[in-house]
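Letters A, B, C and D mark the chains as written, and numbering starts fresh at 1 in each.
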Amino acid sequence: MPVIIKNTPFEPYQSLQQYEKKTLCQNNAIGASNIFIGTMRDFNEGDQIKIMTLEHYPGMTEKQLNNIVDKAHQQWTLIDSLIIHRVGDILPNEPIVLVATWSSHRGDAFDACRFIMENLKSKAPFWKKERLIDEQERWVLSNTDGYHKT
Amino acid sequence: MPVIIKNTPFEPYQSLQQYEKKTLCQNNAIGASNIFIGTMRDFNEGDQIKIMTLEHYPGMTEKQLNNIVDKAHQQWTLIDSLIIHRVGDILPNEPIVLVATWSSHRGDAFDACRFIMENLKSKAPFWKKERLIDEQERWVLSNTDGYHKT
Amino acid sequence: MSIKIRYFASLKDYIGHSDDEIIYEKTLTVTQVWDLATQKKMKPQNTLVAVNMDYVSWDDTVNDHDEVAFFPPVTGG
Amino acid sequence: MSIKIRYFASLKDYIGHSDDEIIYEKTLTVTQVWDLATQKKMKPQNTLVAVNMDYVSWDDTVNDHDEVAFFPPVTGG
């Protein structure tokens, strides 16, 4: 159930491949995994974004994410889970977050992955600052609810 | 929106990496992707499974999967989607199915991926036959509902 | 009227072969196709039917050159 | 009683610095900590507060050596 905060880019599929090879390789009970990847878009609120800076609260981030993961493992039958989250400067197209859940049954994998993601969005102390193409900077004001269509 | 039926093993993360590199590389509007991977377990109904054979109805499989994908793209705002499904002989730990959705917003990616997966489970003409460790063979009788905990 | 019939998975085992063809004069429902092709063999519970690769119900009618497929509940994914 | 205070993101910009410390004799609520540390600066709407890295409400009390953090709604993921 690792929670990893990274200040350098990561390749999500390679990270997953390596993690499974190292940790889950011989686990034949895994029947389902669900993976969410959040990527930086180059547009937000109608403006083109040049770069994004992700600030966080070291210590509290890990504490909150571990709480969320613990709750997910209590609520659903999971074999394992993984969170990777970027901090620092992020360019368009770069992955910001990866959440993965491994389970015997798909209902658990789907539900838990979404639960972790929604809770991460509302509770983990990360803040995005966008730098526009004209060098203007602005804080992103709030996250939307992922259960409703936007 | 490719739908791929394969009679040889595939590596899901490599397939995704290659697909994104080839097809989605320069699409900076992607903010969210959700991926489901279904893997063969070595146990079912309390018995150890040696090998599984996936029969399908060529032509109808593709037609039904494309219908499902079309419906998903009508119902949610998706940039792209991908389905890969194995047929033939499958060994424990090998991936059976991969469903991926790419969108600007996470709600769409999550909902559409699950919609495709549940519809695939209930409508795509695939049938699993299990060969047990004692060489006994049996057809899997039905799929469970993935929205309920099993 | 010529109708091609296919059986899949456990239903193929049950029928004993994978294909049939029936030639008939009048319009048939799916149920009638089953009865003619299988000589009124008992239909296993939950048997599904597709005409030209689309799901249909047992009361639907079948046209010349249609492909009718019978199979058990699907178990992919 | 010594309390460490931290501000993050837009709230750090608003306050003008990232850290404060207050020494005080009696037990304080989170609201009182804010008022003392910021000299009753107006609290931006939706400001969140954590004590020792757990979310708390503004009426909760603060203990000696606690770390109190103020920040705007989170926008990770």
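Methods note: a contact is a pair of C-beta atoms (placed from the backbone, for glycine too) under 8 Å apart; a residue touches a chain by one contact, two chains touch by 3 or more.
Everything quoted here is computed from the prediction, not taken from an experiment.
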In contact with subunit B and with subunit C at once: which chains are those? Just list them.
-> none
Between subunit A and subunit D, the Cα-mean centres are separated in Å by 27
Centroid distance [mean C-alpha coordinates] between subunit B and subunit A, Å | 22
State, to the nearest whole Å, the distance from the C-alpha centre of subunit B to the C-alpha centre of subunit D.
-> 48
From the C-alpha centre of subunit C to that of subunit D, how far is it in Å?
-> 71
Could you check subunit B for residues that touch two or more other chains and list them?
-> 38, 106, 117
Got the subunit C residues that touch at least 2 other chains?
-> 77
Can you name every chain pair that touches?
-> A-B, A-D, B-C
Which residues of subunit A touch subunit B in the complex?
-> 11, 13-14, 16-17, 28-43, 76-77, 92-93, 104-111, 113-114, 117, 144-150
Over in the complex, which subunit A residues touch subunit D? Could you list them?
-> 38, 54-57, 59-60, 63-64, 85, 96-97, 117, 120-129, 139-143
What does subunit D use to touch subunit A in their complex?
-> 6, 8-10, 13, 46, 50, 53-55, 69, 71-77
